[in-house]
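Sending over a structure as structure tokens; questions will come in a sec.
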Amino acid sequence: MKYSFRNDYGEIGNPEIIKVLYDSAYEQTLGYGFDQYTQALEQKFRKITKENLNVYLVSAGTQTNMILIDKALRNYEAVIAVDTGHVNVHETGAIEGSGHKILTVKGVEGKLTPEEVLEVLAKHSDCHMVIPKLVYISNSTELGTVYRCEEIKALYRLCQEKGLYLYIDGARLAAALASTLADYTLVEIAKYSDAFYLGGTKNGVLYGEALLIKHEKLKEQFHYHLKNKGGMLAKSYVVAKMFLRLLEEDLYLNNARHANRCADILVAGLEQLKVTHLPHNHTNQIFLTLKNEEISLLNKDYDFEIWSPGEKESMIRLVTSWATDIAMCETLIGDLTKILHQKM
Amino acid sequence: MKYSFRNDYGEIGNPEIIKVLYDSAYEQTLGYGFDQYTQALEQKFRKITKENLNVYLVSAGTQTNMILIDKALRNYEAVIAVDTGHVNVHETGAIEGSGHKILTVKGVEGKLTPEEVLEVLAKHSDCHMVIPKLVYISNSTELGTVYRCEEIKALYRLCQEKGLYLYIDGARLAAALASTLADYTLVEIAKYSDAFYLGGTKNGVLYGEALLIKHEKLKEQFHYHLKNKGGMLAKSYVVAKMFLRLLEEDLYLNNARHANRCADILVAGLEQLKVTHLPHNHTNQIFLTLKNEEISLLNKDYDFEIWSPGEKESMIRLVTSWATDIAMCETLIGDLTKILHQKM
Amino acid sequence: MKYSFRNDYGEIGNPEIIKVLYDSAYEQTLGYGFDQYTQALEQKFRKITKENLNVYLVSAGTQTNMILIDKALRNYEAVIAVDTGHVNVHETGAIEGSGHKILTVKGVEGKLTPEEVLEVLAKHSDCHMVIPKLVYISNSTELGTVYRCEEIKALYRLCQEKGLYLYIDGARLAAALASTLADYTLVEIAKYSDAFYLGGTKNGVLYGEALLIKHEKLKEQFHYHLKNKGGMLAKSYVVAKMFLRLLEEDLYLNNARHANRCADILVAGLEQLKVTHLPHNHTNQIFLTLKNEEISLLNKDYDFEIWSPGEKESMIRLVTSWATDIAMCETLIGDLTKILHQKM
Amino acid sequence: MKYSFRNDYGEIGNPEIIKVLYDSAYEQTLGYGFDQYTQALEQKFRKITKENLNVYLVSAGTQTNMILIDKALRNYEAVIAVDTGHVNVHETGAIEGSGHKILTVKGVEGKLTPEEVLEVLAKHSDCHMVIPKLVYISNSTELGTVYRCEEIKALYRLCQEKGLYLYIDGARLAAALASTLADYTLVEIAKYSDAFYLGGTKNGVLYGEALLIKHEKLKEQFHYHLKNKGGMLAKSYVVAKMFLRLLEEDLYLNNARHANRCADILVAGLEQLKVTHLPHNHTNQIFLTLKNEEISLLNKDYDFEIWSPGEKESMIRLVTSWATDIAMCETLIGDLTKILHQKM
């Protein structure tokens, strides 16, 4: 069987987390997020960030983005995002499906700049065009890059000045926080955004994302909105218990550090082999370019995604996870070395 | 601490099911429902029912209803349901929120009749009114009652004749199948409907519902639709593994039989005490009426829902689950006996 | 050819109004409602009502209801209406199609009572149910009845107390204002509502309704919302010019008075003939019951709607308009007299 | 007062058309598009085009686009359009507001190419991305250009091959048909598209667009859909009567020819003055670039839109209409000559 570098949600879940559920299987708890575990989780996030965050536990990332954005916007209001943004490319139109246009800009290495936000605002001036109202960024981004603290701060300042919301898609927020390039923690993420989510699905949890809302207007009647959009979980407390474990002893950071470390090993190998790859910001996604026949050979033993297929060469994506076997990273580099030497 | 008869999703999950996940925590699997476990589950459902069902794993009941109904209907088409139906009362407008009117009728003991469907059809005759297109029933119903095989068959026949879909909300389908009144199995449920779901959340699974679609038109591009509505789970295979365990050795039926047996014990006690209650169809929901001061006394040691509050007396709901302690049912009846005798 | 009592939008338009357009056919005007005529109309409505109303000109009644309600409500918020309400029965699900549940009550002669509003509020108490947020009434109603000033005032007071919007569907508002039962004018309509519309389509205008918004929150970014819903008219000024004429010399009231007077003639005749009819509030809709063979005979020379068909007898609707020929009302009564005498 | 070259919907309407309404003001007709005039119009369009077109009369262009597109697509399906397309820029998110993503490409002079359609298709390959399903083009385009017959045919052939709909926004279709570059008539427009509309608002009609649907699947239950979206007009027959007059003696072409001729006069003048302008395809929109101080001077006597403002020079748009005074075109060129000579 092939070893998979396809994604970071391919392994069931960190056994430490599953054990918590197993050990309290018969315990009785209130439903729908009104339980003591969701409350404890909220308190914990508030204590960590010193911000008055509300927590809502949702089952999946696209759903989280869709529900938060639909709460923030009326149908004549729009999202600003880079064109590689998950909401723009990989959500099968979920944002538009719930009524909202996405205004896209090019971005720099997957990251949005304040200048681009200003350009979009300048173009939207009358009632025949949408009102840009929410800035969407992902951190780490869809290209594996990481925002610097100053960059997030600058976007947030601009949003506050212009009356926009700043929302951070944190499907891989732990990967960003665990990156050696991250000059911030959850404190700054909470401080410089109106809402964000800490992804569990890609961080060793069975399922679930923790949506954290700071802006008071976005909190209003959120439970009603969540239920209306199909996002309310009867057993919300199961996700709460998993996230409580994730925050304990920084398990979320440790899960991410492991994945990032595996990626660093892979990149070190690639660089020695002079394989072209996109900028590596020490997170768990690597985008590299190989000749198609090399990819076929590598694909015999390893599973991964062809990100951008070409006629002669293609870009593939390798993703490491909390569960990746470090030894397999080294084995892959060894195998790739052989493939490349054979071919040259 | 109080013992809870509040609902059947208040305990984390059957340890047998959690164990499956724990034991394969590091196993690598494909995402989004394209994995071997989802395939195996689909095969299993097809084998059991002899119908060409497609299976889609969704995280919650309201979401499942919303997504299936939105797939089946255009905005000018409507649902027919009894006014006590979950889609009508307890989904915070999720069906209307995704664009569809619900046409309600009174029903009989929570169940829809073919005559009522015909009445709705007769009233909707021109393009200034919606087109009734999908019949929604729950089994077991929101009042704990159970359809008989002939009743479902009659509704399905009528739907086929009139070009309507019949969709069965199976949040508590296992409770219905395990009822002594059920003269059918999953075979007939699949045979006499266009789509239904087998609820996991209320049957000992950590989370998740198995939506089963038979009608070919509803299957078309369903993965796209699921993603667009925020319902696609990256780790769909986790739910698949839990449902595979649920189907093994009829665990879903055994979970439900246990809950129903607990309810039978409670009802037997209530009848001896001559407490008024709604018709008991041997499922796990009991609706009984007590004086408000009796309710207060009972509420000291037991948690439950006040279903329909009144000035002097109120209707409360007791729900048993796969995890209910049989001894606690007997204790509750004992305590209620004392309360009633003191009061009289 | 048959003479039509089918509806009040069956004749093209009052020639006085068309003449205004003909006489200024080449005049150049700004588009989209930012012109001097829309401004003049707004000033005129403000002067008449002493309220700070904004005016928006929309092409049709269902569209007006849909757009105003969708501005007022989020998807988890709902409308309260009588079950005979136009939004509930005759808009092909437009309100639900734009995301909002309608909670219906029985009403009294087509009118909503404060008690019914309170009953709906009492039932909606947690986040699993929608939040009732807008009260919808029609005046005159779908049954031709008219609210009294105290009734509207009581509903408005209740709405203000409970944080609800009161919206009046005025498709036939002129008919209500012109009724001898109306103890109010546009002043009170504006004073005791958050928004209403004065219907043009049923009052001799070529097309168009004047939506008048008083509540500041509903006015916010309304032009954006209007455009987003497809309701903005490039030549909004054409409707403005027609409504300016309608307000001149009380043409809207005179149009309605004529229609109501025709209806009074018909009702007087029906009463002499002892024909059963719904309560007549001196507006332009009459609902009467005849034997089916009588209806067939009457239908030879007159066009009208069979409102509620029965096996032996049916209820039909006669509608008079600004253009109805008074002589034809008398002729109809004469013909009906013959039909009834022949049959008896 | 300034003379306006701001748009082609700034004058009330062709008196020939208004006269038709005036002369039949009291005539009685059936509502909602089920009348003899709508039927006659449909027959006329079928006779002209030899295609089995259905006609639906809608009040405005954005509404027409929104309603047709929402009929054609599910929420996970998308539109392909050039980024200057009206649906993308100037409809305040109406298409996304009703649930559909627009995938944009650059286009060539405002026109979409088959190569661009193929590129979009190639990028959309799995269920995490929308399904491109409808190709949207405008003719004449938002930049005043005109498709050649071969270009439309090539797009239609491609759409048929790939299972896409081709929809033509004809807000200014008459301008295209009247252009000296148009090597086709309504016959080819109908032949090489699945649906299109012939715009009335910009062609001298008081209001209204004639949506013409050829594809059988798009016709299904269209009246229900139209009503559900708020697009059904009670007095649809008023629009029908105006369009019947428009088709009589080729009034729609004559109206457009007049506008195009006025534009030709303006462009001839601009070229003599060596003023930079976008390619002129002999339709009624002209985009020219002037220094900002020149624009200010011209703006004293003429009203027009600043299309693309710059620091030193800006692009302005001049639009001519069915009602434009030819003499004023010559006067404008005279005045511009003086302005440019003064400045140089």
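The chains carry the letters A, B, C and D, assigned in the order they are written, with residues numbered from 1 in each.
As a working rule, a contact is a pair of C-beta atoms (placed from the backbone, for glycine too) under 8 Å apart; a residue touches a chain by one contact, two chains touch by 3 or more.
Everything numeric in this text was worked out from a predicted model, so none of it was measured.
Shared contact partners of chain A and chain D comprise B, C. Farthest from chain C in terms of Cα centroid separation is A. Taking each chain's centre as the average of its CA atoms, chain B and chain C sit 42 Å apart. Separation between the centroids of chain A and chain B, computed from CA atoms only, is 33 Å. Averaging Cα coordinates per chain places chain A and chain C 51 Å apart.
Residue positions of chain D touching 2 or more other chains: 75-76, 91-93, 97, 127-128, 130, 224, 227-229, 232. Interface residues of chain A, counted against chain C in their complex, comprise 32, 74-76, 127-128, 130-131, 221, 223-225, 227-229, 232.
Contacts from chain C toward chain D in the complex involve residues 3-4, 6-7, 9-15, 18-19, 21-22, 24-31, 59-63, 66-67, 91-94, 97, 201-202, 206-207, 224, 227-235, 237-238, 241, 303, 323.
Chain A makes touch with chain D in their complex at residues 75-78, 89-93, 96-102, 127-130.
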